[in-house]
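As written, the chain order gives the labels A, B, C and D, with residue 1 at the start of each chain.
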Amino acid sequence: MIEGITVYDVLAVSTIIFFIGIFGFVTRKNLISLLISTELMLNAVALNFVIFNKFLYPGQIQGYVFSLFLIAVAAAEVALAIAIIISLYRMDNSVDADDMDTLKG
Amino acid sequence: MGDFTYTIWIFILPIAAFLITGLFGSKMPAKVSGWIGTASITVALMLALRTAYQYFIQVGFVEGHRPTVFAYKEVWMNFTETLTFDMGILIDPISVMMLVVVTFISFMVHVYSIGYMKGDKGYYRFFAFLSLFSVSMLGLVVATNIFQMYFFWELVGVSSYLLIGFYYDKPSAVAAAKKAFIVTRFADLGFLIGILLLSYHAGTFDFMTLVSEDGPLLAQSAPPVFMGLSIFGVALSLIFIGGAGKSAMFPLHIWLPDAMEGPTPVSALIHAATMVVAGVYLVARLFPAYHGVDGGVVLNLVAWTGAISSLFAAIIAMTQDDIKRVLAFSTMSQIGYMMLSLGVSGMEGHHGLGYMASMFHLFTHAMFKALLFLGAGSVIHAVHSNLMSDMGGLHKHMKITSWTFLIACLAISGIPIFSGFFSKDEILVAAFEHNKVLWAIEYIVAGITAFYMFRIYFGIFWGKRREYHHTPHESPMVMAIPLMILAALTMVVGWAIPFGNYVMPDRMAYHGHIEWSLAIPSVAIGALGIFVAYIFYFKETSLPEKVSSAFGQSYGWAKDKFYFDEIYQFFAHKMMFAGVAAPIAWFDRHVVDGFMNGVGWMTETFSYLLEGWQSGKVRQYGFSFVAGLLVILFAVLYLNGFIDFKG
Amino acid sequence: MDILSLLVVIPVITVLVLFFINDNQMVRIISALGIGIETILTLFIAKGFMAERAAGNSSEFLFTRDTVWFESLNIHYFVGIDGIALAMLLLTAIVLLAGIFISWNIEDLTKEFYVSLIILGTGVFGFFISLDLFTMFLFYEVAVIPMYLLIGIWGTGPKEYAAMKLTLMLMGASAVLLVSILGIYYYSGMTFNMQEIAQMEMPIHAQRFFFPLAFVGFGVLGALFPFHTWSPDGHASAPTAVSMLHAGVLMKLGTYGAFRVAMYLMPQAANEYSTFFMGLAAIGVIYGAFGAIRQTDLKYINAYSSVSHLGLIFFGMMALNKTAYTGAVLQMISHGLMTAVFFALIGMLYGRTHTRDVRKMGGLLKILPFIAVVYVIIGMASLGLPGLSGFVAEMNIFVGAFQNPDFIHRVFSVLAVSAIVVTAVYILRVVGMMLMGPVKNEAFYKLPKAVWYERVGALLVLLPVIAIGLAPMWLTTLIQESLGHIVEHLAAYGH
Amino acid sequence: MNNYLLMRDEFVLLGIILLLLVAEIMLIGKNRKAVVGIATGLFIVHTLVGFLPLAEGTMFGGSFRTNHLLHNMKSIMNVGVVILLLQTWTWAREEWSHKGRVTEFYFLIFSTLLGMYYMISSGDFLMFFLGLELASLPVAGLVAYDLMKMRSAEAGVKFILMAGVSSAVSLFGISMIYGISGSLYFSEIAQNFHLSGLGALGLLFFMSGLAFKISLVPFHFWTPDVYEGAPVPVTSYLSVISKAAAVFALAIVLFLIGREFVSVWKPAIYWMAVLTMTVGNLFALRQKNMKRFLAFSSVAQAGFILLGILSYDQMGMTSVVYFSAIYIFSNLATFGVVQVISLKTGREQMDDYNGLYRTNPKLALVMLLGLFSLAGIPPVAGFFGKFFLFMAAAAHGYYWLVIIGVINVTISLYYYLLVVRAMFLRKSDTPIESFQAEIPVKIGLALAVVGILFLGLYSPFYDFILNLTTNI
């Protein structure tokens, strides 16, 4: 590893990415950008696993294996989400998150 | 001591009569229920007379005083192991005397009613209630303990309610019945609380233990608890209030004039002879206790209530136009006499004169007052109106009623050889020896009594001849005979029965003699009263109007019974109804109910408040998700002490 | 299958049979039959109980039977009755049978009506025979829930509001009760068996916390003072048989429960709270009586009078001595019978005159003699006329209450006793306005006389009232025997 | 060394899924209506097979573990799904006749069920994560099943996005736990996962993922919209099976790794229970749409389940499993009726149910029993379930929580009675006309009613669960 860079610095990066994802989910209007923010969060977490495995427990590979699975699942999820958003778009031809509030109360 | 078990039949017969006429009366022809009622009371009368004969004559004196015999005594219900509520028959001088009086007067009224009530639609119902009343009165009289007395006391109250409200389609009768029951019930509340206090402090209800020297009341001297009275004093005065209510004494008298709404025979039986004397009988029954506890201070209360009631009633009686109301107030006045006489009485020998006089007056008063009422009944029956102004000059048409009425008036005015003289005179003697002021009051009342009695006598039978659309005829024999019997008795009883020999507080024999020094003035004032009435009313004169206007406003007050009805009306309706019941109903509807509905309403509004939270926007869900999680996280961290907000 | 459980099984079988019957008349006959058998069985049990007691078997509960239900949680189906429970069973049987006769003319959804009524009866029977807190609580809720349907579907006036309010308040009370049962369970060594709990001394702090919950939990059903608001609306809107059963029997569930569970199991707390609850009950007595004076609707009058009489029962119980207890139990029976007849009569009157407003009715004594006479007798019984059951019960309570010389107790006792006057006022006001006086409405002359099933229903409940009133000895001894154990138990910890 | 027989249930289910795929291909063109019968029949076989006893043990080095409790949890869920499939018989038939595709429905249902199996019997976070995702993603497909309806698509989007966020947050928690304890296996984590601030954060973040699926309050916002939007069978499936699985998973995982963090997650669950019960009830009061009404009712019921988890001992676990089983049956009864009615008449508002008893009494009775069981009224099973939950909570002295719970029971009784009022008390001039449901649907409803009536009174059921939970 590069000297001088401790686990906390890298961890800080991944946590920041995670909270950017959350912030994105809360503020953005467009459905696709919401999807992007969730993906951002998932990737930040994958990063976390790799960081912990690399820095704290170099001897084992559990972290890496986990992040691999995580990326695979995230992909599946995006595919499904896009499919549903498209079907929504086809019916309502708008992708704005706020006018999808017919179900409320 | 002789076997008195047959006395139970005095009760079984009227109860049987009540059940038969009550349940099957409507199915039988009307007359039959009349016969059944009269037959049962006749047999009861004979049995009562036999009891009196056997008790007073055969048993007589045992070791110098008359014994108390228990014909029956079983536990009816046990409150605790020691405190039991028993039913039984107690035979002692006053209870036997009362047995005779009640059965006799009831017999007379039964016979009279067969004539009076003929053709009335509720005929069987009347006789059923009469039997019920007789049973309850007899039960009250022979009670062995105070709770049994209360048991029958309430039954007497209810039967009087039923009888007063007999003509139930007349709203005034219904109101009168309700008023009678509620006022007496209010007084019974005092009676009941008195009993309950006794139940704890004296530990027993039995009369014999209550009045015995070594009993709980008289043996130890209890500390003063309330207004100088010991707990027993308080209990006894509360019990007296119960008696005063039933005997229509001063503050609780308002129901008696209205009770005249009932049929006249009912007034004769209940509001002349039996029910109204229940209070006097109660005080007589507990007389040793009243005399012993707190040095007899409660007796002063009894005496003064009697005095005030008699004066108050006598004044009002002078002004009334309805003859039955005059007789009602006269009854109240005479009972005031009896209460006073009990109040001034002592225990031993001559001092017991008041007690004996009161009982004797009760005995004689029952006779002549019943006669007066029945006489008034036959007059009303003939003239179909209660008001004296509609009557006059009836002497020619109704000879028997007129003469019997005259005899009764003479008796009540205390004219010698008539029974009233003997009993009232002894009361005046007892009062004179005890308290001059009381004697003076009673002396004046004696005069007023004579005046108002002869006022209605002359008003009904003499005075101006009125033209009657159909000439009034003498009442049929079945109504006239009781009048004659009662009249005969009123003349004979006074001197024939040496009452002192039979009824005394210490149950020893006492041979009183007429105290002429007091008798003459009382006869004089009686005669004066009669004379004034003669002037006023024998011939049609304007003298009564002039005198009453002379009295001016006070006459009006007396005529309206000193507005006591209105005061009670105000107290009952305004205070109790509007003053207490309405706020409670409002409180219940709004505050208590309001609180329950409020809880429901609050949850409803709270849920509408939260509606916005479920906005349907995914972004807001995401925000709530994360924000919620962070709040929980910080709370948990703070709880576990990982972080504190003190910076 | 022991006799007592039969009491629960027979109604259940009746309900199951009813499911397969559709003809209304057949439904009525079957339910009358079922409950008739039930009444006979209750009488048979009573006879057996008396014989057992006569034979000297003085154990606290008879016909006891204990089968394990949830073994790990120590929950047993434990049944048994003592004198009081037996008296309550008799009351329930009579009132239920009378109710079935009175509601003979229900046409709309008759089968559902009788099914719900009998389920309610099952719950009540089960409650009185069970000695295990869990089974008692289960039967208690089974008895409350059918009320919603009974009032909601066949009721009158604001029936939906009244049904919902009644059910919610009673279920809320049972919820509070659940908490106290759990508390009792855990603080007395994990057992629901009442006899064991009574022997076990619960820690005093637990008792102080759970006693009010249990007492109020049951008190709400017994219309204890501040929690009585469901009773006027509920009864006014309920159909006759339902208000008969509810006021007559279900409210006794409340008082019996408060007595059996709250006071018997937590004596120290019962003693500590006794003055407070006695005051509450005394206020309730006066409050109910005054409330009744203002009302013009017959059912409201009777509902408020029930609040007053129930207050008297709580008052009697909280006086904590044997006489007052006997009085309270007697009052439960006598009030049960009286209210049942009252509501039956109101039902009959309403069926004919289609109004319950006292001011509109008048002079009915001439037109409907049977109903009027029974009404007067029951009116007299409820104001405590000697010779009827009301007097016997009230006198026991008042004498019992006066056994405690403490000043506050005396004030409350005088307050409660003074209610006899107020009761007389509103009873006579109704009798005067409704039965006596001139006939206000000409149409009333043509009203039909009482029909056979109405007479049977009314007399069925009227005769016991007179019987208890005239000869109370047999009932008081029965009750006092079973009270002996409880009062000693209470006195041991009491003042 | 890996005894593959341990994964018997999973393999049988996987077999059914593959068979369905093959059947899909084989039956193109021919009448694929038979698929409905085949799928249901196959699943019934699977359930029966599932009842056979299974040995206890672990596989893949502890990453998959099964014992009697887990095994029986799965068979409880199987029974739930069987009843559900029976009830959706007519819906599936119509789905096929209108849109010509029904196998996807069964395919998705079974795969989510498989995911739940893995989630429950997972021994490490990887298996757990895979199970969780496998249980969530196909559900999004199910929710958005009605391609024609806008609502279904909107619900689908909401679900998939929220599921994404929750799994991300949950994984963040898992990564922290991994960071501290250095291993993903629960057994190893249990040794070196000691109370620390970051540990608390990790655990809570992880729990939020499960809280999302059980729809506890701060995380429940998706539930009403998704329940209303999705087709009724899916709603029923979600509220019954997926919630039960998530509850089981939460209970088991907390047992395995939550030992030392008791002072962290107990207060969290305590306040979440209070919030869930209260907010669930408050929202349910106002609902007019039946599906939304039952959604909030299920949210409130989840609050009661937490009482059991809170007591964190054998009795607590038993009461949770017992209550969940009874909850499944009561919900299937109510949802079954809603499903049949909305399918036949398309009416889902509460006022449409006015006078239901007069037109079709049997349906109304089933609904009545289901509602009474949810409300916890004796003699139906719900009463026993609720009572034992309260007993478990009271055993640990949570009297104030029991009081709040008890108040909420009363509030819940109010809105359950609103439905009873509509059905029995109210009359309406356009009631739901009386109709006869198909045989399988009737059987489904009958099974649910039998479960409600006898599970409570029949005490050996409770004892059976009790000795299951001896070793978790």
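Brief remarks on what is shown
What we mean here is this: a contact is a pair of C-beta atoms (placed from the backbone, for glycine too) under 8 Å apart; a residue touches a chain by one contact, two chains touch by 3 or more.
Values in this document were obtained by computation on a predicted structure and should not be read as measured data.
Between the chain pairs A-B and B-D, more C-beta pairs are in contact across B-D. Of all chains shown, C has the CA centroid lying nearest to the centroid of every protein CA atom. Centre-to-centre separation between subunit A and subunit B, using Cα means, comes to 97 Å. The geometric centre of subunit A is 66 Å away from that of subunit C, both derived from CA atoms. Annotation: 78 Å between the Cα-based centres of subunit B and subunit D.
Annotation: 27 Å between the Cα-based centres of subunit A and subunit D.
Chain contacts: subunit C has residues 168 touching two or more partner chains.
Residue positions of subunit D touching 2 or more other chains, listed in rising order: 157-158, 161, 165, 169, 224-225, 286, 414. Among all residues of subunit B, those that touch two or more other chains are 600, 611, 614, 616, 618, 622, 626. The set of touching chain pairs reads A-B, A-D, B-C, B-D, C-D, using the touch definition from the header.
Within the complex formed with subunit B, the residues of subunit D that make contact are 157-158, 161-162, 165-166, 169, 195-197, 200-201, 204-205, 208, 212, 217-219, 221-222, 224-225, 263-265, 267-268, 271-272, 279, 282-283, 285-286, 411, 414. Interface residues of subunit C, counted against subunit B in their complex, comprise 165, 168-169, 226, 228-230, 232, 287, 290-291, 293-295, 322-323, 363, 365-366, 369, 380, 384-387, 391-392, 395-396, 398-403, 405, 413-414, 417-418, 420-421, 424-425, 428-429, 432, 435-439, 472-473, 476, 480. Residues 18, 21-22, 25, 31, 34-35, 38-39, 41-42, 44-45, 48-49, 52, 56-57, 60, 62-63, 65-66, 69-70, 73, 76-77, 80-81, 84-85, 87-88, 91-92, 100, 102-105 of subunit A are the ones touching subunit D in the complex.
Considering their complex, residues 26, 75-80, 83, 85, 147, 150-152, 154-155, 158, 161, 165, 168-169, 171, 174-175, 177-178, 181-182, 185-186, 188-189, 192-193, 196-197, 199-200, 576-577, 580-582, 584-585, 588, 592-593, 596-597, 600 of subunit B touch subunit C.
Interface residues of subunit D, counted against subunit A in their complex, comprise 125-126, 129-130, 133, 137, 140-141, 144, 147, 150-151, 153-158, 160-161, 163-165, 167-169, 171-172, 175-176, 178-179, 182-184, 224-225, 228-229, 286, 292.
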